[in-house]
Amino acid sequence: MNREERHRYGMKVLEQVDGEAGKRVVDSLADVSPELGHQIVAWAFGDMYARPELPARDRQLVTLGVLAALGGCEPELEVHINAALNVGLTATEVAEALLHTAVYAGIPRSVNATVVAKKVFGERGLLPISNLS
Amino acid sequence: MNREERHRYGMKVLEQVDGEAGKRVVDSLADVSPELGHQIVAWAFGDMYARPELPARDRQLVTLGVLAALGGCEPELEVHINAALNVGLTATEVAEALLHTAVYAGIPRSVNATVVAKKVFGERGLLPISNLS
Amino acid sequence: MNREERHRYGMKVLEQVDGEAGKRVVDSLADVSPELGHQIVAWAFGDMYARPELPARDRQLVTLGVLAALGGCEPELEVHINAALNVGLTATEVAEALLHTAVYAGIPRSVNATVVAKKVFGERGLLPISNLS
Amino acid sequence: MNREERHRYGMKVLEQVDGEAGKRVVDSLADVSPELGHQIVAWAFGDMYARPELPARDRQLVTLGVLAALGGCEPELEVHINAALNVGLTATEVAEALLHTAVYAGIPRSVNATVVAKKVFGERGLLPISNLS
Amino acid sequence: MNREERHRYGMKVLEQVDGEAGKRVVDSLADVSPELGHQIVAWAFGDMYARPELPARDRQLVTLGVLAALGGCEPELEVHINAALNVGLTATEVAEALLHTAVYAGIPRSVNATVVAKKVFGERGLLPISNLS
Amino acid sequence: MNREERHRYGMKVLEQVDGEAGKRVVDSLADVSPELGHQIVAWAFGDMYARPELPARDRQLVTLGVLAALGGCEPELEVHINAALNVGLTATEVAEALLHTAVYAGIPRSVNATVVAKKVFGERGLLPISNLS
């Protein structure tokens, strides 16, 4: 695949995972760092997300763990909490995954990520979440 | 103590340390992650803050150090700068503790935390702070 | 449940997930911070891991994401890469999860975690891993 | 040099690098942590920036790398992306430096820093940036 | 004070706080970055630690919080856990401060710092620590 | 370019920048995560380092800033301090860049990176470094 084909292929994967939100990030980079936008599409999605070794749902669990732990990634968490719901995780599972991060990254990181989840869940009519226990 | 008693006990400790601000955080989690709210109350405050091995004032010094160093914890810093004043630290001591973090976490983390302190001090009529030196 | 019962219950969960490695961490804390050991058992495993909202396999995916992103958690990664294999993730899936962290946490965090995985996989006779693609 | 002379000297260096934006940060600290303001001027600029071992342009490349990697330093990045342009880096070079951080600190840190660059470039009429490749 | 006097003054403060361990760090930098060694002495200790706004004991509580939260600072933690004991914190208080960081920075950061404390306490004959609760 | 050609091209860039040390990292990943090794070569070096918008010397200044700030990247710093010297930075400039990180990332990150520089400089017979000031 040449550069353009890699981009086209990555864009298909990105649309399946992130939907419109991911494309908006890439578009917003067009005048300041078009290469960064290209690498998100062609590399992150075309090369990495597309690999069959881990299904999309599992990738979002890892992604939520990384983004919550890093801190300061609220915009990215918003995209990827939506993505998590897009690829089959329930709101309850997303909230639980973010709760779980408190053990390893501490309460503030877990709370900050959960505040983003609350916003996303609210927009998608998923509040209040239901718990098994 | 059962789960409810642990919650009630933790809530008493939380109210002494964080006042209303802490309860607002817990309340805001009720529809998205009630368990995270419960763990803040029952575990963080009921189990950890309540221990006599370190007085409340000392715990806030450690907490300010951790939150300043982590970065991206401005909402938590606002709660805990208020808490620090609630449990006996002066505004001068809080500002000095945040200044001290510059040595180990760098100037930006120290400035970002100090900007939060300025907001809290302003709301409590404590500006300008007085310095000994 | 009282404190002792919470500990006993948590220890059962810890043994299922972490096996001997988790107990060694707790034992090593006995003379310096027995309460930290207790909280790992009673809180992290008894309260958090035990919740049915997310299966053990999914929790390890989140945990791997958090630990890789934090950096400086090589000893914890060793315990949890073993745990991941204990609860049903394959070596290929673990390696892929750590590869995936490169997108969000950068190449060095991904490489450092993968070096730990190589050690664990080697000890368990799982090298070389097999890839689908 | 005494304390006042160190301050005066540092302020000259700060003005050359950061311009008005740096002075605004120092002024905003006057009533909450005047010593932090003083240390930014006298230590960071007077002692560190003033050293001839590395030219101002190179210092900004290092600074952009550190600030992007730390995360949560958007206000500081705004000051230092302006500083980078002040001391001779082009908008293309700044955007490329921030793109480069994606390799080591991951895509989100790189995107967040690039969003700040877009704001600064826009204010200075430098959009769209031009690329060689 | 001129540069040399600032260094001499800072060295006195450093010796009171860190003892021999701090001097060893500075000495080890002599051939690779003498200015970094100088800044640790003249700035960190002469300018910052020497300020009367916060006593030495309180500064170590903040420092332990920052170093535990940052991660990857085991050598610095070793110096500053010794320093904490030098300026009047008990082993029980140090262990408790590090336990407290688990709430905000997560279990792994707290465990890693506590492992360093165990080493320092062992060298100073302070194991096992005694707890009030 | 197809996958193999992208790899070959990236390997040429990697050899120019990192020399043997970079190849050793890639080789060590062959049995545990060959794709991570491939992405370091094909993406990080073939796609990113190869871009003409920033010369190799400038990229290493950014890289040193990021790696020092992240912490826990001592193995990567060793590779990239060697790389920095390979592409034209002097030992004095490298030490100064790492000193500069103290302003933004704090003293411990700066010291830890400088300790790695001391090892690399020693192996290349560059100690003691010479300073202009």
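Quick notes
As written, the chain order gives the labels A, B, C, D, E and F, with residue 1 at the start of each chain.
The working rule: a residue touches a chain if its C-beta (ideal position, glycine included) is under 8 Å from a C-beta of that chain, and two chains touch if they have at least 3 such contacts.
Here's who's who by UniProt: A, B, C, D, E, F = Carboxymuconolactone decarboxylase family protein.
This one's a predicted model, so the numbers in the text were calculated from it and none came from an experiment.
Where touching is counted per the definition, the chains common to chain C and chain D are A, B, E, F. Interface comparison, C-E against B-E: more C-beta pairs in contact at B-E.
Centroid analysis (C-alpha atoms only) places A farthest from chain E. Both copies, chain D and chain E, contribute mostly matching positions to the interface they share, with over half of the numbers common to the two. To fit its Cα atoms onto chain F, chain C must turn through 120 degrees, a value rounded to the nearest 5.
Repeating the B-F interface, with the same residue numbers in over half of the contact pairs, is the pair C-D out of A-C, C-D or C-F. Measuring from the averaged C-alpha position of chain A to that of chain F gives a distance of 29 Å. In chain B, the residues touching two or more other chains are 35, 39, 44, 48, 51, 66-67, 70-73, 76, 95, 99, 102-109, 131, 133. By the touch criterion stated above, chain F contacts chain C in their complex at residues 25, 28-36, 39-40, 44, 66-67, 70-73, 75-76.
Of all residues in chain A, only 44, 48, 51-54, 58-59, 61-70, 73, 76, 92-93, 95-97, 99-105, 131-133 touch chain C in the complex they form. Chain B makes touch with chain D in their complex at residues 71-72, 95, 98-99, 102, 106-112, 114-115, 117-118, 121, 127-129, 131, 133. Residue ranges on chain A touching chain E, taken from their complex, read 102-109. Across the interface of their complex, chain A is touched by residues 1-2, 35, 39, 43, 47-48, 51 of chain F.
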